[in-house]
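First chain written, first letter: the chains are A, B and C, and each begins at residue 1.
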Amino acid sequence: MRKHRFLSFVLGVTAFAILLPMAVMVLWSVTGRWSWPNLLPESYTLRTVQELLFGSAKLPQLLFSSIWLAAVVAVLATIVGVMTARATELYTFFGCSAVQAAGFLPLLVPGTVFATGIQLTMIRAGLSDTLLGVVLVHLVVALPYCVTIMADVTAAVGVRHEEQAAVLGASPLRAFFLVTLPQLLPGILSSLSMGFVLSYSQYFTTLMVGGGRIKTLALVLVPYIQSGDRALSSVYATVFVSSALLVFFLLEWAIKRTEKRGETQ
Amino acid sequence: MKKLLALMLALVMSLSLAACGAGDEEIAVDALDLSTASWEEIVEAARGTTVTFYGWGGDENRNNWLNTTVADYVKEHYDITLEVVGMNIDEILAKLSGEKQMGATSGSIDMIWINGENFYSAKENGLLYGPFTEKLPNMEAYIDLDDPETLNDFCMPIEGYEAPYARAQMVMMSDSAVTPEAPANADEFMEYCKKYAGKVTYPALPDFTGSAFVRNLIYELCGWEQFQTMEADYETVKAAIAPAIEYLRALNPYLWNEGKTFPDSSTTVDSMFADGELVMNMSYGPFSVATGIANGTYTDTTRTFVFDNGTIGNTNYMAIAFDSPNKAGAMVVINAILSGDIQLTQYETLRELPVVATDKLSAEEKAAFDAVEIGEGVLTQAELLAHRLPEMPASLVPVIEEIWLNEVVGK
Amino acid sequence: MKLEIKDLSVSLQAQPILRGVSLTVEEGEFVSLLGHSGCGKSTLLKTVAGILPPDGGSILLGGEEITKLPAHRRGTVIVFQDMRLFPHMTAAENVAFPLKMQGVSKAERLRTAEELLEKVQLPGLGQRRMSELSGGQQQRVALARALAAKPKLLLLDEPFSSLDENLREEMRSLVAQLHREFGMTTVLVTHDREEALAMSHRVAVMSAGKILQYDVPEEVYRHPANRTVADYFGDCCYLGGRVENGRFVSELFSCEAALPDGRYDLMLRAGAIRTKQAGALALTVRQIQFRGVDTLVTLEAGNGQRWKCSLRDCPAWSVGETISCDVTLDECVFFSQDNRN
């Protein structure tokens, strides 16, 4: 009983710590003026919503391109993650640990330095200001996380079931797709979500390599945060968070459904 | 599982298609030799092209104005598609210098919103295209070519590398319902801070606004003329602004947090003022109070004021990137923005001081400018221009910022 | 099908695990590989199945060389100790998996799966997920799945060791029954000597990557080829002594022995010792442990040599008592000390 009470206390505090700022953010997005020490805003406005829906930023296109870009990055990062994890976790080869360590290098370099350096590389490769360039840079950012997630799951699943499938007559490819992949699914889901969020929230790298031509929600949101327009930043941040959450729910729902269909087969 | 695979493949394929398509859209206008071409040829070459305009994207009103009013105007008159890209000037310059370093000949930036130190360093490093302003008919038609702000940007000769865009001027603001008095000089400001101890501050340097406010106090205490030709030497500058340093130190105890720390940016100060935590705010946008009252951020009783001796004004400009793929188009758009029509809409919708010379306007245009209702709580254009002081050389600005950090903050 | 392993050697991470193993299993035969963990018996199984590559030697199945054939084309199925059921499939899908690999139609393979589940006494449980089955039920699914593949060679890698005692017994008789019914060549890896002795036509005792003895269970038990094999079956002790002129002489005991002269160890199984009035040996009772079916008595000879002896009807001895015993010689084996294994 005591344990349960403690647990609900912890859960309560956590929910409070996450939900309260979110609620404040939603409130701010329609706030005109909210000065200290008032508990609630003094005036409300719909200017932000109006700007969001009818402003020059063209929200539907922005959402579409951001989500689409993030989805491509998430899928590619996860595919590479699955394969890299398989190579480093299930096989030992010369330079195996070097490959594992190299994946983390982008995390060690300061963000701005990384972005500037990679911009030069992209100019040299002729990929500056192109979508492909942005996708590649986002991939570099997302890969360390996706590879780590997939490495843990891959190590946990191991080759045991693949060995079993092989002796039961499954070719290596069929063994992987029919036996291992379904078991990697929870990891793949995390990896997809992680890749999505990382790409979705990229600002500096998108700006440097995309040259501002590749427009994402973050690119529009961040200047408003920097300029201190709290109402407008809040309304964009609300859209940002809720669109990302919506994508997660859809992804989870889709995977649950495929799993269900798999069961009845 | 097969469906998932198919989806992945589809995504990857559509990506590679999009990547292939992205490269070919630029139209080569550089076949035209811009240095010898006539204006008609330039306009003709620009027809049907796309021009990108890179600049700070944190002002929803300006973004909207560019994307609608200006974009529609150039589409209608010149069949040019204007693409506005929000990017901070630091990143724009980083991008350009990266391209310069790599020897790129064609980038993605056409027009840049720029001024001051950034203009100085961009020009010095060959990141800008020019000179080009003498080609623009509207320079002659609307702009006072002898105005110091047309010739120099922060005392730096412009030499045709940028055209004026809008004028800014340092103003201060307070809520007349909270503090009825509005300090008109440095002494009154000191008294004001003592009366409202802990409720006044300014953004920590090198914030753009904070830096300008400190320069304004320096002008108050040391005069402005001597700085126009001063060398950017630490000791020289320090000696020249000694009275101001003493004043700022004396001010510290009455400021927010007793002057031990300062808010990190003008954004923070804006929010603190809007929240009532501070009684006074300062801005580079001379009509920002009107905007604030209109969108409900500021109370209806908020008022703008300036020092009797004047406040620093500067102009911000439009330049063209050295590797702009569409220089002709950029010149046409810049020329359009200099027109009386566009400057009027800028004054009207953005409440920015226009750059056009009043005596070059037709009677009709003049009447249209006069008819603009600028809104509540602001000073008139005439009052502002009557209290306008020139900027000091761009090279002095970082020196003053360094001195402030060493001698003022927390002392 | 007949399995022939010739001079097979295997290394794992540069460590030699199998050192020249040769073994022949006749068609339809049930053979056990018996040995302590680490002796290489599981490695041998995996190599035969094609999961591990050999360093040298060859494997023939039904007279055909399969050494280089990939695992999924060999027709050799392993049932692993940890069962390795696919957790994302139902019991029926698990059983149907090998049929799916063989391209059997869906209806056909689900029908076969149900049939096989009935054979392993799990009728109607086809729709259960793996997490909804008990350990014994999972083992049955694993067996059914292996049978579904119609293997040329069935390899059982300690399949019962994770089960509790009662279940293990049940599974053994099920496997024996299925072997009789399907008659497929089977190799069982186990460390349980009773399991090996009870179930197999022949037993191969392994140690340190080699086969020490390969024979029918009675021979392996009664006439171990060396002390390692003898030790494996346990419950024995050794008396050191000499054979001279056809007679074995030790400190405690002497008897006839038709052997060349030399130093020998006489292996005595616990069963070889019988209590007898005025017997040849005088032993002291050191410990008595009642175990239900039998009683384990620890006896000590005059020279300090101890051995344990399981007695069905234990006389009313008390600890410290000295009893008189005799040795039944047909239970004894001599090992030459000069040629120790």
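The working rule: a contact is a pair of C-beta atoms (placed from the backbone, for glycine too) under 8 Å apart; a residue touches a chain by one contact, two chains touch by 3 or more.
Just so it is clear, the structure is predicted and the values come from calculations on it, not from any experiment.
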Graph class of chain-chain contacts, one of line, ring, star, complete, other: line
Furthest chain, CA centroid comparison against chain A: C
Rounded Å distance between chain A and chain B, as computed from the means of their C-alpha atoms: 35
Whole-Å gap between the CA centroids of chain B and chain C: 87
Centroid distance [mean C-alpha coordinates] between chain C and chain A, Å: 54
Interface hub residues of chain A, defined as touching at least two other chains: 182, 262
Contact footprint of chain A on chain B as seen in their complex: 1, 3-4, 7-8, 11-12, 15-16, 18-19, 22-23, 52, 54, 56-60, 63-64, 66-68, 83-88, 91, 94-95, 98-99, 101-102, 104, 107-109, 265-268, 270-271, 274-277, 295-299
Chain A partner contacts - residues on chain C that touch it in the complex: 46, 49-51, 70-78, 80, 82, 84, 86-88, 90, 93, 97-98, 101-102, 145-146, 149, 155
In the complex with chain C, residue positions of chain A that touch it: 160-161, 163-172, 174-175, 178-179, 182-183, 259, 262-263, 265
Residue numbers on chain A that touch chain B, as the complex places them: 32-36, 43, 45, 47, 51, 55-57, 71-72, 75-76, 79, 116, 119-120, 123-124, 128-132, 135, 177, 181-182, 204, 207-208, 211-213, 219-220, 223-224, 226-232, 258, 262
